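The first chain written gets the first letter, and so on, giving A, B and C; residue counts start at 1 in each chain.
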């Protein structure tokens, strides 16, 4: 069962008492309007990310992306001559703390702008606070349907497409194949999660409409440690294509289980987990990755605007190789790129300008060109990526492809 | 039918490792009347230690067990000595729930700093080997895990039934007052008993790490399962814990294979509530709560 | 003493009620809202866990039931003035009472440690249902509640006043219980349930009453929380750590006292929210939290209030002795103190 592991903080009762005293006395100077900040001081951007708790690893990746962009823009003399500073606070992966944090950032610290947290689960409550005080809300990691169902005009999801559409590129590619090469039967294994499951469901809708028969479908909860019952069900159904709505860990477990069952479908698509360049081969064995498909918005060899500069700066600052960069860092960095572009185009930077500017036109980022509808849902699409020879390469659509898709999928390496 | 039998096979093979974890927990309860909410965290710590030995020195998890059990035994003794011994007798049962929960958080905190929150798994060379038997899949790793758990349980049985320490433990479980009259030092037995519980957690952790990916938060999933097992079998009864583990693992594997994994965890909670309605003391629990 | 007992609560609530008129910053009210939520819930938990001595770990299930009831009702009914979700609270409290009675009747057949485990099992069952009954709860996709149409300048205030009201209710119930036969019965069954039954106390009725009222209050807080969050997910609405927080706050302040849970909530929740913001990201959170937790349990096993009260009484007694007052009355006083600390 699921426990939400946000760590409650408590220092000594004495410190607590001080905090209380502060709360009771030192805050009679309330201010109701979003401060626009001094024109010549630094431009302060507030963001709450998960540095502890469930989303900690991804949250830290987002933090790195924000910070990296700030460094690069400051190295070029700042934004419109103002130095960019981030105030990043920890939300413990808790939806309660995230409200407190954006309240504090906006009303206590009077930051000039805010960026989003990690995960739709935290983005929804956070974007409501931002909306209430008229802040633009660029967010790199909240793309669930709930986010756009709020119909907020101040919100912009900085990825190529809403999360549930991330796998549509796979359906598009499969259906572009000649009829005799297409799969006839499909199986779906979906994690019960606001993002992973719906990606597979969206593909299923497209496949069923095109006459690809569903021979197996199973939804499993997040705490399922053992996926072998599900995978043996799939092996027994013997589908041509396996579509997995996965997050990370469950993707590794699925592959391991299939290898043990010695069942290798002709096509395998996994929504997440399989697109992590370092972890995936490490967890399932490099020989077993061959032919597995996933989708992505950024990859080390991308040629989109600022991509090479980002990868180089990242490796310089944090070490490692470009292969090790988490997509969340790239998406967070893209939020900054957008700000810089707005500033350049409009000649000023404030919340109203950002909201007005981004609602029209197409904006180049390292994730490709981005544009949004009225609810902040992005309108382009992800690329199809495939493991070939131990590398994760974009294979479709042709414009972004660096290699041709390989199918049927080679057998497991063992 | 095929799915059902496959589920039963899987359930029974998995039951071994849970029986091992639960036997430690039920032992601690039997001796000290303490429900140890940190048992899950100690299992995961055992898994991490085993992971570290494997990645740093290439030591197979099965061979790592002697090392991890000794470390965890010492840790268990320390926890009992530092945090549980000072409790007054009247509020021990209530306070110990909170204390052991705090210990679980402490262990989780240390683990999340040391190994971060990404999931780890121990990938041995034989991790993906499997046999097919009459059309049923049996993975090598699971079979190994099962045999190893049986061996550890066997050792525990010998320890409890054929050593002086074992006799002292059993006397304390059955009747702490008369055990004291027999000259058994309750404090020492408690400390050693807690250590023993931690050591079984370490052994179970090595096996667990081989079977499943884990991170510092995984102990939350474990503890609810463990609690169900020990209550089901009757708190304090090692035999009951083994039976409880078989019931819980098999029912959840069968439900996962035949209905849906989504309902599998609910199954044993429902079984637990049903059993408590009929027998509030669990299957093997007696009103005096004792028999080993 | 008696005179002061009346003045204390009045002053406390007068301060609470007037705080927003000082034009407090939004983040302060926001902090107070979360603190008040836990103050109400700890007070509610105290009725069962403190007075009756049944350490429930399943209260978060009822928090979740309240949250889902609120969200479900308003996914079919519009929110126009913004006050409708608050008007629904009594009905939600009643619903939780209705669900809580049979649950309590089953669970309270067991005692302390087993009761704790049975109730935490209940929590997981409710969480599992929230995940699995997609058709009703939306499963892992969660449920939205329309945002309140309050103006940004005073957005938080209605939530704040409703919670102050709930806290007053919870404390009034506690006070009434302490002053009535119910309180005596609870203290008796906490001491020794079988003996209490033996001397003719209607044990089952009294403990069920405590459980029902307690979960009813908890569910109402859950409903307010859901409305304030605007969106609920199973893992956050039915969260074991909410239960743990209630327990810890009550233990910290002092079990089976009127003010203990409130004090505990004000210290822990405000400190957590504020310090997490100020010192965010420090990895030692969990460790520091666990250590403070352990220290409280080991050094103040009875909680702050009872310990401090004892200290004061002891000092007074010493002063009284020093000033040479009649010593004859002392033993009687001491006995009363010893009894009063726990009851």
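We adopt the following convention: a contact is a pair of C-beta atoms (placed from the backbone, for glycine too) under 8 Å apart; a residue touches a chain by one contact, two chains touch by 3 or more.
All values reported here derive from a predicted model rather than from experimental measurement.
*Asks:* Find the two chains joined by the most C-beta pairs in contact, please.
*Replies:* Ranked by contacting C-beta pairs, first place goes to A-C.
*Asks:* If you average the CA coordinates per chain, which chain's centre is most distant from that of chain C?
*Replies:* Farthest by centroid: A.
*Asks:* Determine the centre-to-centre distance between chain B and chain C, using the mean Cα coordinates as centres, and give it in whole Å.
*Replies:* Roughly 32 Å, centre to centre.
*Asks:* In angstrom, rounded to a whole number, how far apart do the mean CA points of chain A and chain C lie?
*Replies:* 37
*Asks:* Where in chain C do residues touch two or more other chains at once?
*Replies:* In chain C, 124, 128, 131-132, 240, 283, 285-286, 289, 293 touch at least two other chains.
*Asks:* Send over the residues of chain B in touch with two or more other chains.
*Replies:* 105, 108-109, 112, 220, 224, 262, 265
*Asks:* Which residue numbers or ranges of chain A touch two or more of the other chains?
*Replies:* 1-3, 5, 7, 52, 192, 221, in rising order.
*Asks:* In the complex formed with chain A, which residues of chain B make contact?
*Replies:* The touching residues are 2-3, 6-7, 10, 14, 105, 108-109, 112, 116-119, 121, 123, 127-130, 137, 139, 211-213, 217, 220-221, 224, 253, 256-257, 260-262, 264-265.
*Asks:* Which residues of chain C touch chain A in their complex?
*Replies:* 22-28, 30-32, 34, 124, 127-128, 131-132, 139-142, 144, 147, 152-153, 155, 225, 228-231, 233-236, 239-241, 245, 252, 266-268, 270-277, 279-283, 285-286, 288-289, 292-293, 304
*Asks:* Which part of chain B faces chain C closely enough to touch in the complex?
*Replies:* Touch list, chain B to chain C: 29, 33, 35, 83, 86-88, 91, 93-95, 97-99, 101-103, 105-106, 108-110, 112-113, 220, 224, 227-228, 231, 235, 262-263, 265-266, 269-270, 272-273, 276-277, 280.
*Asks:* Which of the residues in chain A come into contact with chain B in the complex?
*Replies:* For chain A paired with chain B, touching residues are 1-3, 5, 7, 52, 54, 56-57, 192, 218-221, 223-230, 232-233, 236, 248-249, 252-253, 256, 259-262, 279, 283, 285, 414.
*Asks:* Touching residues of chain C toward chain B in the complex: what are they?
*Replies:* Residues in contact with chain B: 53, 55, 57, 106, 109-110, 112-114, 116-118, 120-122, 124-125, 128-129, 131-132, 240, 244, 247-248, 251, 283-287, 289-291, 293-294, 297-298, 301.
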